[in-house]
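Dropping the structures in below, format is structure tokens.
In the two complexes below, subunit A is the common chain; its partner is subunit B in one and subunit C in the other.
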Partner chain A sequence: MKKKTLGFTLTETLVAIVIGMISVAAAFSAYNYFNKSYASISQKSAISKSAREALTAIARDLRNAGYIDPNYVAYSPESNRTERTVRMNMLSVSQKRFGGKYGQSDYLQLWYANSATQSRYITYYLRQYQGGNSNYYLSRSVLLNRHHPQGGNQLIDNELFVPYVEDFQVILRDKDGKVLVPVCSSGCGSVEDSQGRGNVVSTPYGQMTSGQANAMDVHTAEIYLTVRSPKEVYSKARRTKIQNGESPHGSNLTIPADKYHRETFFVSVHTRNLATPQVKIASSGQSIGVGTGYNK
Partner chain B sequence: MEKNIKGISILESLVCLVIIGIGFVAMLQLSSFSINAMDRSLEKNKLNFLSEMVLEDMIGDPDNASNYAFNQTNCNYSTQGGTELHKKNKDKWRNKLEEKNQIKFEKGSGGFKDKKPKCVSGDSKKTIVSGGVGRVNFFTGKGKRKKYLGVIVK
Partner chain C sequence: MKNTEKGFALPVALLLLVVMTLMGGVLVSISAGDIKANSEKDNSQQAFYAAESGITHAKKWMKTNTDKLSTQKNLNNKLNFCKTSFFPNLIGTNGFYTSRENLNTVITGTSGDEQRRLSKFSFEYFIAYSPNQDGNNNSPKKKPKTNKTYYTIYSCGCDGPKNTCRSQNNKVVALEAVVTLATQ
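Entry: the complex of A and B
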């Protein structure tokens, strides 16, 4: 009977080990690569989704700002409210440089009456996470019937609208494309004070402060939203500069080196219910001006 | 009794490795494709807002809508100045379409580089205004990806 050789030779075993190790190394590096790609994709996707939804909602609110439903009736206890007091509160960047992680983000408030019995007062600003988290989110609050004698009904209270927002800038322009400041109805900050927001001016509706009167001249609102990825994406830390809007009205930040991904989203909205209406009367060809019942 | 050899030959195992390797390469390409798809999606998303900006500017200045024709066929966006609203708005489009100054990343020793959207030969950004209708035609990805949008301005 012939001798029967069973098992591997040493050479075969060594070759098998080498090939096996190469395969394991390839599998490991591929896993690492896929893992990093997945993390990067999911972070970017999260940023894109939240920013897209938020900007769409902000743009819709800004288009509505100042709209007064033709059948809107103020509550009887507030019968002393005149068109002047309604109009002075329609849009307000109450405080430039209000806060946020880098202290340069804005505070936006707007008002519109969307039905005969309901008005909405909407507020956007950056708010810090709770529990010692140093980051900020864009918060949205909706107050129904703000001027109701019982103080209105808080429909949405500081909803987390966009997570991890690093900058929120609102730049308002008049019909000539010039930056319009100050635009604030109440609770104005030091920036607005330095811009003379308290100066009394005459309007077709009576006397207002310049901060209140300017709201009626807003033609375009530009919104900048810089969002950061919730988790680190890059393998190497690097510094980032963010500049949203022109100096001195916008922001100018230098963020210390980190590994996060950042994107800035921008939308520009024609505030059609605030600006001098561009609608023309078909018969005469004349423009309908402010104060001639455009909204009412 | 004949010698009975069982198991796989070196040739078979090498073929097997090559097949597995091809599988790996395919997976890597899939991954890089998905990353690119996400980047494209982000850019499309931004482009949607920018096209909205363009149309909003036209709607906001309907008496001068005819001045809002715009044609940018290369990637060198340079502002042209002017005091009229339509000129200011078109300069705004140029700045926003190339995300000028918005985000800068540190690159090399202390220097910063603009984060700009991809722009390659064949890309173009165009608006057409005629008969009170404003249209936006944005082409990206060497002109392969098209974004059309239109509104009645007046």
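Entry: the complex of A and C
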């Protein structure tokens, strides 16, 4: 017993191993925690970046929807350019058509003439990724001078605008805040048909269908965009419920439990070129502000 | 054996520390970038509202000053950040009236932080005849089959005060509004 210890006793070794294991485990779990929060924060930030940019563009398009450059009707190269035909196609929403992964998304088309010789016809809807991917993205297309005799000029064709979109809802309201349906002039589906979009009504610009005429009463457009993270973020699967807009015109989805992060973005836009107010000048009785506006 | 064990914990601890500090730094910078982008978006949204206020302001002016809407003059030397060249559909530089205001002077009834925030946003606008299809606006253009003349309000909102805002340094949002006015 008196001889000097050269090695470790069994107890010493065991204690050292346990302490070592605890500290390695602590380090590992700290690393893991950092790594996970890195993945989740970078995905959330990517989602909010793409949605922020997309909503800015959608809001600008909606604000411009229905803008007619004062020289457009006289000088446009398009064959279809009377006040009536122009106003028939300013804004169109087809509910639950090209409805995306869960079948409830909307299809939005809008039109404006930004100069005497150019009009833009813009389409937003959800498209499926190619190559067996079951997910959808929000696509944006821009067609210049749609009714040109030689056909329109496709400026942007189904651009991938927002990746991994679960739901895209467009709710239109009149100046009293009432939901306005149907507002649909082309590519309408069974929902609009059942809402009587084909009924002929008379307007200051001539006869139109009610789906076309209603576009001139749209005062506000609300856009809901639910985006999913491309990769899994959470360690535990959770069920997601999404309700965008009020039933029956909005969506109501229950997505089975999974580990993805989802976020809904919302913007409400005053469609300043559709339902335009008339301001009377008290002194002279003149009216001012039949105006339409353009946001560059 | 004893020697190698002695130096084992320190390098590992240092390595982990470095890796985690790096990751933490990246996390902070991603969040900060996101916050910055959001507040920039907020600013440009506010600049858009400033431009809309400009249009409302201009319409109000037009209501009481219809007599001043007949002789055009060159406006560009009066404009700070809302130059006529800012608008692609307009090649002329003539118009009737320009104005430039900070938001806190047109939105009354605010105080404290709200007022200070409003004072950092401004609009500038000018009123001119609506241009023809070539962008020329020297002569008035009438709405077909009416006696109404087209005018365009060109308005810019800025995320800076009216006297220091410049289009190269600030966020400037341009808006146009076409209005018609019956000829007396």
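Definition applied: the second predicted complex is superposed on the first by the 241 of 296 C-alpha atoms of A that agree within 3 Å, B and C clash if a C-alpha of one lies under 4 Å from a C-alpha of the other, contacts with A are read in each partner's own complex, and residues count from 1 in each chain.
Note that in this section a contact is a pair of C-beta atoms (placed from the backbone, for glycine too) under 8 Å apart; a residue touches a chain by one contact, two chains touch by 3 or more.
Not measured: the values here are computed from a predicted model.
Novice: When the two structures are overlaid on chain A, which partner does A:240 contact: first (subunit B), second (subunit C), both, or neither?
Specialist: Touch partner of A:240: subunit B, not subunit C.
Novice: Quick one: is A:71 in contact with subunit B, with subunit C, with both, or with neither? Answer first, second, both or neither.
Specialist: Once the two structures are laid over each other on A, A:71 reaches subunit C alone.
Novice: May I ask you to decide whether A:265 touches subunit B, subunit C, both, or neither, giving the answer as first, second, both or neither?
Specialist: First partner only.
Novice: Which of the two partners, first being subunit B and second being subunit C, lies in contact with A:35: first, second, both, or neither?
Specialist: Second partner only, subunit C.
Novice: In the overlay, answer first, second, both or neither for which of subunit B and subunit C A:48 touches.
Specialist: both
Novice: So subunit A touches subunit B in one structure and subunit C in the other; where do those two contact lists coincide?
Specialist: On subunit A, the overlap between the subunit B and subunit C contacts is residues 23, 30, 34, 37, 41, 45, 48, 52.
Novice: Enumerate the contact residues on subunit A facing subunit C in the complex.
Specialist: Listed in rising order, the residues are 23, 27, 30-31, 34-35, 37-38, 41-42, 45, 48-49, 52, 56, 69-71, 73-75, 114-117, 279, 281, 283-284, 286-296.
Novice: How about subunit A: which of its residues touch subunit B in the complex?
Specialist: 1-2, 4, 15, 19, 23, 26, 30, 33-34, 37, 40-41, 44-45, 47-48, 51-52, 55, 59, 175-177, 219-220, 224, 226, 238-244, 257, 262-270, 272, 275, 278
Novice: Over in the complex, which subunit C residues touch subunit A? Could you list them?
Specialist: On the subunit C side, the touching residues are 9, 12-13, 16, 19-20, 23-24, 26-27, 30-31, 33-34, 37-38, 41, 44, 48, 55, 59, 62-64, 66, 87-89, 130-133, 141, 143-144, 148, 150, 152-153, 173-182, 184.
Novice: For the complex, which residues does subunit B have touching subunit A?
Specialist: 1, 3, 10, 13, 17, 20-21, 24, 27-28, 31-32, 34-35, 38-39, 41-42, 45-46, 48-50, 52-53, 56-57, 59-63, 85, 88-89, 92, 96, 99, 101-107, 112
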